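Consider the two complexes below, in which chain A is the common component and chain B and chain C are the respective partners.
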Partner chain A sequence: MTFEQKKHLHYQLLALTGEVDLHNSPQVRKQLLDIVESGYSVIVDFSALSYIDSSGIATLVEAYNLAKNNQLSLTIVGATGAPLQVMELTHLNKVFPMIDSLDEIKG
Partner chain B sequence: MTSSNKNIIEVNNLVTHYGDRQILNGIDFSVEKGEIRVIMGGSGSGKSTLLNHMLALLTPTSGSIVIDNVDVVNANRKTLLKLRQKMGVAFQGGALFSSMTVGENIKLPLQHHTKLDEHTIDIMTRLKLELMNLAGFEDLMPSELSGGMLKRAGLARAVIMDPKLLFFDEPSAGLDPVTAVELDELILKLRDAMNMTIIVVTHELESAFKIADRITVLFDGEIAITGTVDEIKNSKDVRIQNMINRRARDEHLDADEYIKRLTTGKN
Partner chain C sequence: MSMKRILHVEHSACTSQLCQIRDKVREACHVLMYSDSDINLITLVIDEACTNIIRYAYGGESGRIILEIFQHENEAIFHLQDFAKCIDKSCLELRKTNILEPGGLGLQLIYQVMDFVQLLPPRGSVGNILELKKHLPKGSQNDL
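Presenting the complex of A and B:
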């Protein structure tokens, strides 16, 4: 798993690649919570993510809740395949804003 | 030891005894990654013994068992421990610790085997409780749950670490038909969303036909057939047909051996 972080005016983009699992989800957690705590909304890019386990999903839930309590947002972009199925299995696709591409934000 | 990457389980020529009694008579058995395999067979057919071998709980008389490229028969404790972390097991009755709450039972493997933050562990536990339709039961004791709920709580604990390989012993035994169907659907969803390989031991035909990619049927310690649902249904083997049509098998009786067993207690 690798991730890339980009700062924008009102949000930060965190792109996850490869697999998020028990071993690396604490890193993702730290990254996500840091972004939200520094007052930014966050967009998590799933388009190069092949697998996310429930520790990764739990991390997203925690960050989403923190963002919400701070009047910020956590949006997921480009979820397909197994990660999308996990979101559907846990019904979180009905909770998180899910968009197909970053084009939907600009404008 | 050969194990192609396609197969997550490879059992070759497995022979096992309990005392003098031979239970498995040279089993060859392999399961592909991502497959849902149902193992069927009557009481005493050897299906539980085969399951226990795959969990590395028994040592065979001879033969090999390779799981996720680990030679289970000859592996050391440390290797087995690492392998077991990738495997989830849901036992018949749930097998929860009666002195702990449902939530504590489910999060136990995470607390033992991971260094995840307590917040993450709590959310993971509740995600699994939600998935099993047990939301809100976190703080109850196992003795306060019904049989079906215990079974689902056991499954929640079995999948808490998102195992690559899930073993499920008699998922629908003792459940009402609606709960049994829900559990079958859950098994299918777990495979699709979590890329799990799932081994289910059952004697519920309806459930087996619904969830299985392939079914292996054991009779008297030997594999009678491994095939897709259609192949099982169309099998000409009279034992398979009897199983499908729920007919008692016609025992072959050897009079001399029978008398010997009755008078000496030996085979």
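Presenting the complex of A and C:
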């Protein structure tokens, strides 16, 4: 798993590549929480993500709750395949804002 | 009809091994002719079960995990064996109700995806065997 972080005016983008599991989800957690704690909304790019397990999902939920408590947002973009199936299975696709493309983002 | 073993692998109970275990599960599920969608879900469930063994059964201590996959009539049977202390069957009870609260998500996914979940008695004096079953796709049992 690798990730890339980009700052934008109103949000930060965290693009995940590969597979997120118990082995590397602590890295994702640190990145996500750091972004939210620095006062930015976050967009998590799933376009190149091929797998995510419950530890990765729990990390997203934690960051989502923290963002919400700070009047910020956490949005997921480009989820397909196995990661989208996990989101649907857990019904988190109805909790998190999910968009198909970054073109849908303003700012 | 006897049980046909599709896979037998042994790994150290370490998070760095999860990626290799997932690859082997995917290969075995292809042999069993599951759809891509089912392969994703079964791989997730086996990964979650291994994760629970690493986190809770071994609790950070070193150990081994044996994964066996069998085909029997119209079912795939997955056995995950560890050599940690025997766990209570109550550990397999679902408690979680709110997805936004921490804990229990892995077990919830296991029950959602699999048709049958149970703990088998250990083969020796220690350890646990988690048995998971899932119906095979129509037609595959005749072709294997």
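Please note the rule applied: the second predicted complex is superposed on the first by the 106 of 107 C-alpha atoms of A that agree within 3 Å, B and C clash if a C-alpha of one lies under 4 Å from a C-alpha of the other, contacts with A are read in each partner's own complex, and residues count from 1 in each chain.
The rule is simple: a contact is a pair of C-beta atoms (placed from the backbone, for glycine too) under 8 Å apart; a residue touches a chain by one contact, two chains touch by 3 or more.
All of these numbers come straight from a predicted model, not from anything done at the bench.
After superposition onto chain A, the partners chain B and chain C occupy overlapping space and clash. In the overlay built on the shared chain, the residue A:Val61 is in contact with chain B and with chain C.
Using the contact criterion defined above for the overlaid structures, shared-chain residue A:Gly81 touches chain C, although it does not reach chain B. Using the contact criterion defined above for the overlaid structures, shared-chain residue A:Glu19 touches chain C, although it does not reach chain B.
Residue contacts after overlaying the shared chain place A:Arg29 against chain B, while chain C stays out of touching range. Contacts of A:Tyr51 after superposition: both chain B and chain C are touched. Once the two complexes are overlaid on the shared chain, A:Val95 sits against chain C while remaining clear of chain B.
Once chain A of one complex is fitted onto chain A of the other, the partner contacts of A:His8 are absent, as it touches neither chain B nor chain C. Taken together, the two complexes place residues 21-22, 51, 53-55, 57-58, 61-62, 82, 85-86, 89-91 of chain A in contact with chain B and also with chain C.
For chain C in complex with chain A, the residues that touch the partner chain are 15-16, 18-19, 22, 37, 40-41, 43-44, 47-48, 51, 54-55, 99-100, 102, 105-106, 108-109, 112-113.
Taken together, the chain B residues at the contact with chain A in this complex read 114-117, 119-121, 123-124, 127-128, 130-131, 160-162, 189-190, 192-195.
On the side of chain A, the complex with chain B involves touching residues 21-22, 25-26, 29, 51, 53-55, 57-59, 61-62, 82, 85-86, 88-91. Put simply, chain A touches chain C in their complex at residues 19, 21-23, 51, 53-55, 57-58, 61-62, 64-65, 81-82, 85-86, 89-92, 95.
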